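You will see subunit A twice below: alongside subunit B first, and alongside subunit C after that.
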Partner chain A sequence: MMKQTRRGFLKKLSYLAILAAIPRVAWASWNAKAFAADELQKAIKEKFGDMPVIDSDAVTLKAPNIAENGKVVPISVKSSLENVASISVFVADNPYPLATSVKLGKSSIADISVRIRMAKTSNVIALVEADGKLHRTSQQVKVTIGGCGG
Partner chain B sequence: MKIKIKAKEKDGIVKVKMLVKHPMENGRRKDAQGELIKVHHLTEVKAEHEGNVVFHGEFGMAVSKNPFMAFAFKGAKGDKLSVSSVDNQGLTGQADVIVK
Partner chain C sequence: MSISRREFCHLMAMAAVAGLVPGCTSNGANSKASNTFTSEKIYDLPNWGDIRLLHMTDCHAQLLPVHFREPSVNLGFNEAFGKAPHLVGEALLKQFNLSANSELAHAFTCLDFENAAKIYGKLGGFAHLKTLVDQLRGKFGHNKTLLLDGGDTWQGSGTAFWTKGMDMVEACNLLGVDVMTGHWEFTYQDSQILQNIKAFKGEFLAQNVRVKEDALFDGAPAYDEDSGHAFKPYTMRTLNGHRVAVIGQAFPYTPIANPQRFIPDWSFGIRDGEIQLLVESIRSKEKPAAVVLLSHNGMDVDLKLASRVSGIDVILGGHTHDGVPQAIEVKNAKGKTLVTNAGSNGKFLGVMDLKFSNGKVADYQYKLLPVFSRLLKPEPVMQKYITDMRKPYLDKLQQPLGVAGGLLYRRGNFNGTFDQVICDALRAVKDAEISLSPGFRWGTSVMTGDTITMENVLDQTCITYPETYVREMTGEQIKLILEDVADNLFNADPYYQQGGDMVRLGGMDYVLDPLGKAGNRISNMQLDNGKPIDTGKKYKVAGWATVGSKSPGAPIWDVVGQYLQDQKTVHFDKLNTPKLVNVNSNPGRV
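And now, the complex of A and B:
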């Protein structure tokens, strides 16, 4: 066995302290960088790297044309694609464009709904990840009262 | 964290609706004293069906208060669905439901 030195012990102790400090979020798969990106292209890049993006009819985005209250905007994304790995929703003109990203399993159906906040009138972009490509559909939602400030 | 779940099966497809009770503070709102309210929002919600993850959502600040979400998967009546959630302050929630 290695001899336990005072220095070595302190070093190990500091590692432990670092380890204990980082995982405030228990599962750690939350992509903090992508959610903190303040620009649409940056957020997509942080989330998906350089994955090719194509416009696709196989993705259906359901969102209201006019949202009276930006605090609660119902969004549904559906896709007829096979092997859907994830579905993400971006709001182009929000302070932080990435709203949500959902990973799906093998037995999942590509059909999700969420309610999101929108600061102002903006394009809502749905990206469906399937077979290493991002399939994109977008729609403009007009917002009469923003939902990101107070 | 309180989680309400409804799961219903029809033609082999289970449709799930969930509501998580959470303030979803985005750190941009001010309280009565004019101080910014600390960021406090859900980061992840995971749903497992018979050991398989069928929904693993990551949420940002742009998700509404008391988030509602819906999804679907292939399953049967009587199956168990477990949902767990965690927020940026490390608080967690857990709930199970039997598919109807």
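And now, the complex of A and C:
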């Protein structure tokens, strides 16, 4: 039998994912107002109304301290919480702070990876919606012009 | 072995009597350094402990002995205030109990530099280093020692540039380097890097370099396709029956501080969470007696990492070029970690002896030994290798360009004199109002009155992206650059620092408040003629070493070479160093 390489496996998997994606992914109804809001608090409010926000250790945000490329900053958010309804990522100092929002189905694992664009150094905020509350964690990601090292 | 020492002392004594040694104590006036080596047995370390780790780092391809002036300004703030590595001059001597006016004071500080350099001679050189390494391994037991190289080995000289790092790979093979990691190694094209690693007889380790997912998808080579590790993350070595794990940590910000275009498929980062998981997995699977991190993080990052990650016994560190005489003990959740930094340019060899008890590190002894070329006989095989390797390049290297009108050096938070020469050259040759030059920490020193050769210029400038530019920038853009670099140097959180020094300037001055917030550290920018720099106005700016894309102009060494030939004897009327606020009483400043 031919050895299954990781690469080959991933490729096959990605086709499956695309097929599966068409009927299954529950895209949040496009919240144009939230994505167009130009201030962090406004964007959060447009998205979640007055849902209470609490800082939480149950949310893990993985982001670089200094971005290798501000145009594609890899961000992962996962959570150990039960009943996660959605995961959103906000970039406080972007012209439009809401970078992404993913709605999760009942059997989904609360673990997403995205690449976001950052205009400049900013706090990145992850909000995990579960049981009517927003669980928050954040980290600063520096966007630098580079050079001059060591 | 030490015939050169005895001969040297004898010669020095005779010369002093004859009044031949300028500035020496015995001819009276101005030198403070005593004229002999004080410690007779500096390299006679007792055999102590179970294993010996020899550590070199950041040699920047200096195969021959060099003069390298340590910084007179290396500021630390907040938690780093007044602590190693942010101590210079007398403050460093006091902290580590070193005698003033001794050979150790010369190796570790900038004090009385030129006079002391005449007395104690050059440091480093691979032939001298080889003698020291062989002696320390031979006496202790070859099977009980490991030689680790923290990287920045393949860059920094003309020959390294022309051979694409291969001269250093060969030299490291002769030296017997067992394990290495990297930073400037990644400024060659990726295929070249892999080729060099293949030729290297030791192991190249880096837990924090990953092949990007899309590159993996397109078939880019990886050490481990499943984990995405581009290189082997750690190695297990058995020394004298004890299992020792060595993890490699490459410079986390390589694709930011240096061009990404040479290494488009690789992503870096500190990844301390992943180090913690790796340490735990090594501890449970491999049952090591010691876990060592061979790190190119820079010392401030290593000190923070040591407080956050537990289970590492020793971090052998580099990158920030800090010659720190002792290991720093850092407490963390489950114990403590030793953090060292072994200087640069081949000046030092770190010796970490570990004693085990019940399968764990129980005690240690650490020494950072300066490699005095006058105390060590060059090892003949290495010496011959270096001579033969250099032969085809000698004419180019030895081309005289001018004479040093004063001591030329770089290292320090702000413009060194050699930087000023580079900045002055850029302005003169390119007819620019302002010039910018990177705050690298490598670059050897040239003594007053010495001929400046092309080799000296290459030692200060030799990189794979040396092209120069002239372009118009607004005052606001210039401020943005200064603010950006200042934050890389003075951010209160070491994880946001990149470990270089402040960008060097020609033609303008400014006021710097290192304690200011990001974006608010720079003020009062003005041209050399005293005119304030207008944020909206455009200025003609020359520079080199652009990381984004290749610049169009001649390599910087040609620009500096031309300037030196025009000047004959090079002087610098003033250094464009900033006026500092909030630094009174900072022991990171002489």
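One rule holds in what follows: the second predicted complex is superposed on the first by the 116 of 150 C-alpha atoms of A that agree within 3 Å, B and C clash if a C-alpha of one lies under 4 Å from a C-alpha of the other, contacts with A are read in each partner's own complex, and residues count from 1 in each chain.
Note that a contact is a pair of C-beta atoms (placed from the backbone, for glycine too) under 8 Å apart; a residue touches a chain by one contact, two chains touch by 3 or more.
All values derive from a computational prediction rather than experimental measurement.
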Now for A:F35: first (subunit B), second (subunit C), both, or neither, which partner does it touch? first
If we overlay the two complexes on their shared chain A, which of subunit B and subunit C does A:I145 touch? Say first, second, both or neither. second
After superposing on the shared chain, does subunit C or subunit B touch more subunit A residues? B
With both complexes superposed on chain A, which partner does A:K71 reach: first (subunit B), second (subunit C), both or neither? first
Output check: A:S101 vs subunit B and subunit C. Expected answer is one of first, second, both, neither. What do you get? first
Return the residues of subunit A at which the contacts from subunit B and from subunit C coincide. 147-150
Of all residues in subunit A, those that touch subunit B in their complex: 24-27, 29-31, 35, 71-73, 76, 91, 94-109, 111-118, 147-150
Which part of subunit A faces subunit C closely enough to touch in the complex? 5-7, 10-11, 62, 64-69, 74, 121, 140, 142, 144-150
Would you tell me which residues of subunit C are touching subunit A in their complex? 152, 183-184, 216-217, 219, 225-226, 251, 253-258, 260, 267-270, 273, 298, 319-320, 438-442, 480-481, 484-485, 487-488, 491, 493, 495-496, 498-501, 503, 518, 545-548
Subunit A partner, complex, touching residues on subunit B are 13, 26, 28-30, 37, 43-44, 46, 49, 52-65, 67-75, 86, 88-90, 92
